[in-house]
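Consider the two complexes below, in which chain A is the common component and chain B and chain C are the respective partners.
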Partner chain A sequence: MADIAFLALAVITIGSAIAALEMRSLIYGSIALMGSLGGIAGFFLLLDAPFVALFQLAVYVGSIAVLILFTVMLVKRELIFNKIEDKRRKFAGIGLMLLIMVSLGAVFIDSGIKTITTDEPPVDFRDIGTDFVTYYWPALILMGLILASTVTGALVLARRVDVEDGQRTN
Partner chain B sequence: MSVIAPNFKLSGFIKSLLDNIFWILLIFVLVGLPAVFMILFLVELPVIDGEILTPFLALSYLVNPTRTLPVLHAFLTTDIFRVMAFPGFGFAALLAASVIFIERKMMAKLQLRVGPFYCGKVEGILQLMGDGLKLISKEIIIPAKADKPIFWAAPVLFVATAAAFVALIPVAPGWVVADIDLGLLGVFAVIGFFPIITILSAWSANSKYPFIGGIRALFQMVSFEIPLILSLLGVVMLTGTLNLSEITESQANFPWIIFLPIGAIVFFITMLAELERIPFDLPEAESEIVAGWLTELSGMLYGLVQLGSYLKLYAFAALFVVLFLGGWNGPMIVPAFPEQIITEGIEMGPITLTVDGLGPLVHETITQEMLNGTLWFVLKTAGVIFFIILPRGVFPRVRVDLLLDLGWTKLIGLCFINIFIALGLLYAGVLGPGGLQ
Partner chain C sequence: MANELIDFTLVSIALLGIGIYGLAVKRNFIRMLFAIEIIINAANLNLVAFGRFIPHSGGQTLALFSIAIAAAEVAVGLSLIIVAYRMYQNIDIADFRSLKG
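For the complex of A and B:
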């Protein structure tokens, strides 16, 4: 059962990733990207990590894909992209991708991942939280500081000073 | 009276209905029944308990409550019933439909108008049905340069997403479609889909008013998602769980709105913005941009979007009830099912009617707790929906920059105050282990 689900998810993820690259329409491309990210969320569900899966949906599909859609809709494509049809570049890209895939796959298969069998229940998110505030607390504080500084920086950058309306005559 | 059917008479309408029923029965008796019996010659009938299951026997099984109640009981516990009828789509759609009618009537009373009046003799009670029939029978017009697949898919996806949201809401103890461990995270994930569908629908119409409305909706929904999520963190900290049923159970003694009023207020405001209700109805501002992102939708596509948005309204109100008002918890006011009927049966003069299958049905499925919980849940949800509708008659629409300023600065600040209150309550020992709960 899990195998069928795995195959279907793999087809959805890879198929929509290729579609996201190859689609002529940028809007359809970003919809395909959404499908690809959703497929990855499905993989997390299959791996008994619903917490990560739901965050994948909420953050990647719900926010990042929306930002991409938003940008695509507000910008005229002809102004930013100058499409170069080049067969050699395409084949070089595909070859590079295959090379990386094969080498990464060889590393993974060689790492002994095939021999691991586990029947343990999925990790409770409360355990992850406990680990974060006990053993990994420096990492948590570092992440918190980085996020806080980025948010502050974004707010400072986005702050605008209202110019008094000069046309208004009181 | 209406000008469309000046000679309409209710008595004539009922007479025509009765006529139709008469003719259908007559044709069934003269043609249908002989046809059924002719077919029955060819069918090999099953044997149950040594008896051939003739149509007569099957009908007597059907009217025997001892035989039908277990079937009904089994059906009530199936997933299909949960998804289609009770805690799921049917229940929510019924509530949503009544909200549409009550909203129109209430707005009219607030503005000293009459509102729906003629349709259905009594206070326009059939107005909604009439509107629905009108929407179904209208032609669906698609703009010539629209992107057809997305234009068709967006309203359907909108309803589907709203239904997915409804599926996560626990209505009564044990009565929830999807009782997942990470229910609240699931809610956040589902809420994230609404702006995508809105902007895609707006873009696909290839028209300027929908596009402006869609961009506004996107701005509004995405920026209010952050205070929405932050305002609920206080409840999660106090309960230590993300499961909505467990959050409801934790409020058996007192609702969280007592301890986290700021969170509740912030969540209510963000709820208004996510639902595009007045005073935050910029995406559909009818006096500025026709009907916003709904402008080009017509016929049943518009009907689907309306259904979806009212389902969403119900789901948000229900989420508020579950998180802050204690969900199904409330004093027991539903009377217990008289035990005598199950044990001894109903005495009617010389006859005593005993029903065998009633015991499990009343004790396991439709229990007193379930009825009481549903009653309290619906009452609280109706109250919250009333407060969602009320601003429509009171407030004007706000400006876009004021809206974004409210979301990004004030509400997020209040959310953090709320989180610190929750943390303070936990560390001071008022709540949590060793405290009140």
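For the complex of A and C:
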């Protein structure tokens, strides 16, 4: 049975995920997204994974959320407060969401993972470091190269000078 | 440990459903990026939860890889938003028509 901290974190995470998508202002939406990502970091702490939790806080709450906030501020004021969505699709989307939740939830509740419990000690975070430099070292190097190239690509893309403002407004 | 694997899995399924709802309904480019972030986080939560209950360090290692790749994805996505906004002066994806066949 879940404890109080788990239930509180679940309410925070799911509630602020809904708020991130449904709030009228994009700025408040991105702050709510920050709350949702922080809630996931709390789940990682509950799962005895403090290293991943701190990584999540540093990368998601610390940098990605701030990056999104700055991008939102670059956009025109009326676009920030304007909700753009298909009204007809809204009910279909809610139906799709409920269908996915109910069907996947039923499958998982019926499956054998309901009985899985563990009394074993959590994984030591030193094992993660060992994993990175032994079995996963080619992936680690590849990830570094991918990160460097994507960030450079993003900078080049954002600084393109051949795109003129309002080039395709008509 | 009081919490069971099924609890974390159900939270993850709920986040996946919310993310798919956002991708299906919203036409705002930035909100769709929010929805993608929520789906990626649901996947990370599952990775770490299964890694805790097996227990094996592979779950946390893969979650760290996933977080790093997601950071790169967000950087590219936001720069695409900036380029598209400069071209169209809008963030409604229905207005981005130059790739439409």
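Definition applied: the second predicted complex is superposed on the first by the 126 of 170 C-alpha atoms of A that agree within 3 Å, B and C clash if a C-alpha of one lies under 4 Å from a C-alpha of the other, contacts with A are read in each partner's own complex, and residues count from 1 in each chain.
Definition applied: a residue touches a chain if its C-beta (ideal position, glycine included) is under 8 Å from a C-beta of that chain, and two chains touch if they have at least 3 such contacts.
All figures in this text were calculated on a predicted structure; none of them were measured in a lab.
Touch criterion met: A:51 reaches chain B and chain C at once. When both complexes are overlaid on chain A, the residue A:114 reaches chain C alone and has no touch with chain B.
By the document's definition of touching, of the two partners only chain B reaches A:27; chain C does not. For chain A, the partner that touches more of its residues is C, with chain B and chain C as the two candidates. Applying the stated contact rule after C-alpha superposition, one finds that A:141 touches neither chain B nor chain C. In the superposed pair of complexes, A:104 makes contact with chain C only, with no contact to chain B. Look at A:63: by the touch rule set out above, it reaches both chain B and chain C.
Once the two complexes are laid over each other on the shared chain, residue contacts for A:8 go to neither chain B nor chain C.
Comparing the two interfaces of chain A, the one with chain B and the one with chain C have residues 51, 55, 63, 74, 125, 155 in common.
Interface residues of chain A facing chain C in the complex, by the touch rule stated above, are 1-3, 6, 10, 13-14, 17-18, 20-21, 26, 29-30, 33, 36-37, 40, 43-44, 46-49, 51-52, 55-56, 59-60, 63-64, 67-68, 71-72, 74-76, 79, 83-86, 89-90, 92-94, 96-98, 100-101, 104-105, 108-109, 113-114, 116-125, 127-128, 130-132, 136, 139, 143, 146-147, 150-151, 153-155, 157-158, 160, 163-169. By the touch rule above, chain A contacts chain B in their complex via residues 27, 31, 34, 50-51, 54-55, 57-58, 61-63, 65-66, 69-70, 73-74, 125-126, 155.
For chain B in complex with chain A, the residues that touch the partner chain are 147, 150, 180-182, 185-186, 188-189, 191-193, 195-196, 199-200, 203, 211, 215, 218, 222, 225, 240, 242, 408.
Residues 1-11, 13-22, 24-28, 30-31, 33-35, 37-38, 41, 44-45, 48-49, 51-61, 63-65, 67-76, 78-83, 85-92, 97-98 of chain C are the ones touching chain A in the complex.
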